[in-house]
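By letter and in written order, the chains are A, B, C and D; residue numbering begins at 1 in each of them.
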Amino acid sequence: MSGTTKKKSTKKISRQISVDHIARIEGKAGIEIRHDGKNVEVSQVKIFEGPRYFEAITLGKSVEEATAVFPRVCSFCAAAHKITGIQAAEKAIGLHPTKQTIKLRELLYIGDYIESHALHLFLLALPDFLGYPDAFSMAKDYPEVLSAGLALKDIGADIQTIIGSRYIHQENAMMGGFGKLPTKKNLEILETRLRGLRNEGEQALETLVGNRNWPEVDAKRLHLAIEPFDGTYTMMGDIVHVSDGTKFKVEAYKMRICESVVEHSFAKHGHYNEQPFMTGALSRNVLFGDRLIERAKELADMYVEYLDASNPMSNNFAQAIEVVYYIQRAENIIHNLLSSYKPNEKRIKPHITKAGTGVSMTEAPRGMLAYTISVDKNGKVKGADIVTPTAMFLPILEDDLKRMSEGLLQQGIKDAKIIGPKLETVVRSYDPCVSCSVHVSEIK
Amino acid sequence: MRYVKISKQNTYEFLERLKKIGTLYAPHKISEKFFDFCEVDDVKDVMFEYQRTIRPPRRFFYPEREVLFTFDTRKVELYENLPSDKKQILFGVHSCDIVALRTMDSKFIDDQPDPYYKSRRENGIVIGLSCLPDEYCFCNVRRVEFVDAGFDLFFHELPDGFLVRVGTVVGHKLVDPYEGELFEEVCPDDTENMSKFEEKRTSMFTTQGNWDNLRYFMELRLNHPMYIRESEKCLGCGNCTLTCPSCKCYDVQDIPSIDGRTGERIRFWDSCQFRSHGLVAGDHNFRETKQDRFHNRYQCKNSYCSATTTSFCVGCGRCTYFCPADIQFKKNLMEIAGYKGGYS
Amino acid sequence: MSQSKTQDEGKENIYDTAKCRLLRKYKLSESDKLFLFRFEDPEIATNWRFKPGQFVEVSLLGLGEVPISICSSARRMGFFELCIRNAGRVTSQIHKLQPGSLVGIRGPYGNGFPMEQFYNRDLLLVAAGLGMAPLRSVFLYAIDNRWLFGNITIINSAKFGNELLFKRELEAMKDIATAEDISIVQTATRDPDFKGLHGRATSHFEKVNVDPKNCAVAMCGPPAMYKGMFEELIARGYDPRYIFVTLERRMKCGVGKCGHCNIGTATSWKYACKDGPVFDYYAITSIPGLI
Amino acid sequence: MAIIDGCDGECQPRVGVYALTSCYGCQLKLATVQKIMEIANAVSFESFYMLSSASKHPADVDVAFVEGSVSTEKDLEELYEIRKHSRILVALGACSVNGGVQSWAEGEMTHEELHAKVYGTGKIGMKGLQATPISKHVEVDYYLPGCPPEEDEIMYFISAFLFGTFPEPKDYPVCSECRLAGNPCILIERGEPCLGPVTTAGCKARCITFNVPCIGCRGPVPHDTAWFDSLAMTFKNKGISKDQVRERFRIFGAHNPNLEPMLKKIYGGTD
């Protein structure tokens, strides 16, 4: 998988470390590092995913059909794409969903969080910490860890299935509401099940804490996250906070975060003020961690040294804390919903009379996700722009890889077989979503 | 026959008590235009006036999908999976559907009984309900608009309740404990009202006449152009057969499980409108084209069931009402047979 | 005949199977094999009876069931043979079975040939391809009860010479019989290299050694063959009341319930598995759609 | 039963899970089925990059699940490579079976135009292709349609494979499952364009059960029994415009060559 090859003769002697196919991430990507034995000249995450031109293929489609297509950008955060896309589309046509719809969407989104985080932590990241190639082999020695992970994945999936029709590509979530609302009984069952899963929720955190052996890639960095509404900690809001103290409205994201085409992948790269930045669970924690409540808050305080803003590996811990938090929040939301639940509330059918543009940003499990959708007066999509978290953090990820490999080289470690896997671990900690990153870009 | 009367108010109470005997199913409104037999949670949801349910009542005795056997390949053994003997009570079955159930019986019980169907049927209680036809109904020309067997109780609508015919011993036993309490005697006024209801009902059927010679014309006009014209429209989706109360085709499959040795032998409803229905090895198909399959249903539904002395089609109108392509079964039959008028 | 593990006395599940052990398998052609089975349960083995032309449902757990005609003599109690063509999902796996394996069998099903009506008559058996399977059973029945039948002629045809089923068995039969009362005609319809007769069954009537007026005809082959044969037979003065054919249809249950084998029209609606698979001349010619 | 010829049921089948260009939902579905651990016990995953660093490529496998459409030359090379090393190749999911949402019809905008529109000209070294189903390039032994495929169909396929066979084919539409599920018909009741009548069954009418008309993610019913014309005719009679019908069919079937002729036949020249 990894190998050292000599580069064609250039002036300096340049050597290469490459990982052809990073395992245990969503999508197909490789790493390429070129160095002269001491300094790294090039560090790239090479993305081999083919382009899917989502913005282009949805052009001219009726906006409702387009919102069915967008989530196909990515399966790991299909609900995130679905909801963000729908919100942007609703804003474009001036449709205001009901309170209940918004709550249910948040619940659906939480389902996505729990499933996605559980999957990442237990099946993709933990094998690194425990020293296995995959979860299957890990299962033999850590059956209870894995079964906790699977139980969490299941509840996340079931929340999405019950609200959204399935846990990948939820067709039931539509503009204006839902085709059919979950029954009261089903919500009650979910509530009970969530209550029974608190221990499982902490399992990932405990295992991670017990096996802290991550590579060091400390470096100061910018964090960006959306300020959740209502002073809570959640994925929806209207204002982006930057760790340098600035703030901007989500509508302004296109001006603040610029994307550019790079040579080595179909994914575009995002920068804030010309600087690479981080987004994701860690950034949320850094900026809004103080809003966590109850057990999640306790845990975050207890393990504060594991939540180091300058170390991307901390992202795993921040995710583990979010799992605990969101189990609790889902339970609370269901509880609230049930007190005045309207199971027969009708979806507001979109009624399009004039052209418009809508912007929506949410925090997907992996970080900020932005949608801009323009609709003409016939309800056809005139333009779409999607910026995904992975596209935003790719530059800083590449910087981290550079720092990491330079650090190792300076320690005298030159063997690609050792460096390769360490680099992979760094990539994995970001929980990148490669298919997300390539299927999107701007149409002018 | 025994006749009793029950008031509307007491009917709810009666339904409430039926729930204690077993699982009670009755027609519910499931959307703007559709009804279905659903398990009764709140008796107030039961619909006493409805035209036809989207799923036919046969499914309570012959479910859409059931496990016949489980198996173990190491022992080469099939383990029977007979249904439990829990009671199922169907309230609100129209007379056409009751006759349709009897046509099912003729296939599944009378000859080499199917143990699954038979057991459910024995544990089932069928309570009929009178109805008023709409333009899709033609049970009258199928001669099944009034049934005299195949139900345990039959409820006839009166202005202030129901006149109940008691059809079987099971029916008597349902009435006995509440005689005097919920059920009262039938008085001449009630009979008068039932008479009026029946009269009104008869006049409401949009199709009149005698259809007894239909199946001969079906055969004499085997190549009627209607088949070509209408099968063009057909979506081959099987809705007509799957909603039909007297269609019974099924397929059987073995579904192995991931352990590599056990599994289930299941059966599930099939439809003659599907390509594979007449397909045999070597890709030869006895009903090759959509038109062949379309034709097949028309012949099958109009064939004769000796047990009920009616055609298998009981004129419930489902296959037309639930056809997404809007193909009109009754109208097409009338076209073939050359029957006039009466269609709206 | 069915036996079941969990059922009460007297209650029977018509879909349950009885275990049969594969004793031997023989290769008949590239795609056909002959399988010899015996019932595991001695009681079933001694009591099981079938009529020529009937079929069984062979069940391979995890794969499904297929209808297969019984092709052996009705006399050999407890044992029966099936000639199976490798045609798909289930049959290909049956072909892979090794002697000693167990399969599930239920049946026999279908009406079979009305052998009693054939008594004291000559017999003409016309088979094409796999059609020889059920007819072999008829033939063996006549041999076993030789005194009940007159002259016998078999016309066995196949596309290619090496696809002629039971070719050698039939040849051997002829050698043993030497007598003129048994005639075997084997012909390949599309095989110029075949060392034997060529052309369709209808073109070899001169070799048929039966009395048309007093002969029973049993046929099994593709529907197209029946049409030609009917014309030929009627023209030659065969009694239509004694002409029988067997039909193939898709079947799942074998007992007239699953509906796949339905044939006919509104006035005569038939199930090939129960009302057939053997039909007489008048049924075939009066009910549209049978062939 | 012997699973693999010549190993008497003793050896574990080797399985590879690969992705071309896709959203990874199908792999995710496979990775998250309830009985994933039982599958992992029954087979050995030689290549499953999403879950295991012990993955090899290429790996000689008995069954290869291939997700995604062919959208770059690299995809194509990889697909050939996979085919060479696999005994049975399964197309997993809509992209791989039919091309998926990212397959668009040439003509309206060519691939080059599209590419230029999104990425500008020149800068990217890699070459993209018009997304195509894998069956366009290699022989496919089995199809598991759906976006994403259904859990029970994945399980049925794997178990059937362990039994030495394939699942029995489905050649009927979602519509029939919709009826069995007891859903009210959206097309009849609301006159909305539902693709259930032409879409391969297997999802148990998942979306319609949620009151959402089918968008055809499982692709057309096989063996030419998807009666597009009849459905378009029905849509027309319900007053649905040509444009709406086209858009519906195009979500998952943009590359269908019959689409435009069919629309022309039913709707004539008008929109």
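Basically, a residue touches a chain if its C-beta (ideal position, glycine included) is under 8 Å from a C-beta of that chain, and two chains touch if they have at least 3 such contacts.
These numbers were taken from a predicted model, which means no experiment stands behind them.
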Busiest interface, counting C-beta pairs, is A-D
Counting in whole Å, what is the centre-to-centre distance of subunit C and subunit D, each centre being its mean C-alpha position?
43
Using the average of all C-alpha atoms in each chain as its centre, how far is it in Å between subunit B and subunit C?
38
Which whole number of Å gives the spacing of the CA centres of subunit A and subunit D?
25
Could you give the separation in Å between the centres of subunit A and subunit B, each centre being the mean of its C-alpha atoms?
52
Subunit B: which residues touch two or more other chains?
73, 253, 256, 263, 276
Two-or-more-chain contact residues of subunit D, please, as numbers and ranges.
1, 160, 163, 168
Give the residues of subunit C that touch two or more other chains, as numbers and ranges in rising order.
62-64
Quick one: which chain pairs are touching?
A-D, B-C, B-D, C-D
Residues of subunit A defined as touching subunit D within the complex:
1, 21-28, 48-57, 61-62, 65, 68-69, 72-76, 78, 115, 119, 123-124, 127, 133-137, 139, 146, 150, 153-154, 157, 165-169, 171-172, 174, 178-180, 261-266, 421, 424, 435, 439, 441-443
List the residues on subunit D that touch subunit C in their complex, please.
1-2, 160, 163-166, 168
What residues on subunit C touch subunit B, complex-wise?
4-7, 11-17, 19, 59, 61-65, 85, 87-88, 91, 102-104, 248-250, 252-253, 255-260, 262-269, 288
Can you check the complex and tell me which residues of subunit C touch subunit D?
62-64, 89, 93, 96
For subunit D, which residues count as touching subunit B in their complex?
1, 3, 9, 35, 38-39, 42, 155-156, 158-160, 162-163, 168-169, 171-173, 175-176, 179-180, 182-185, 187-189, 194, 196-198, 221, 223, 225, 227, 229-231, 233-234, 237
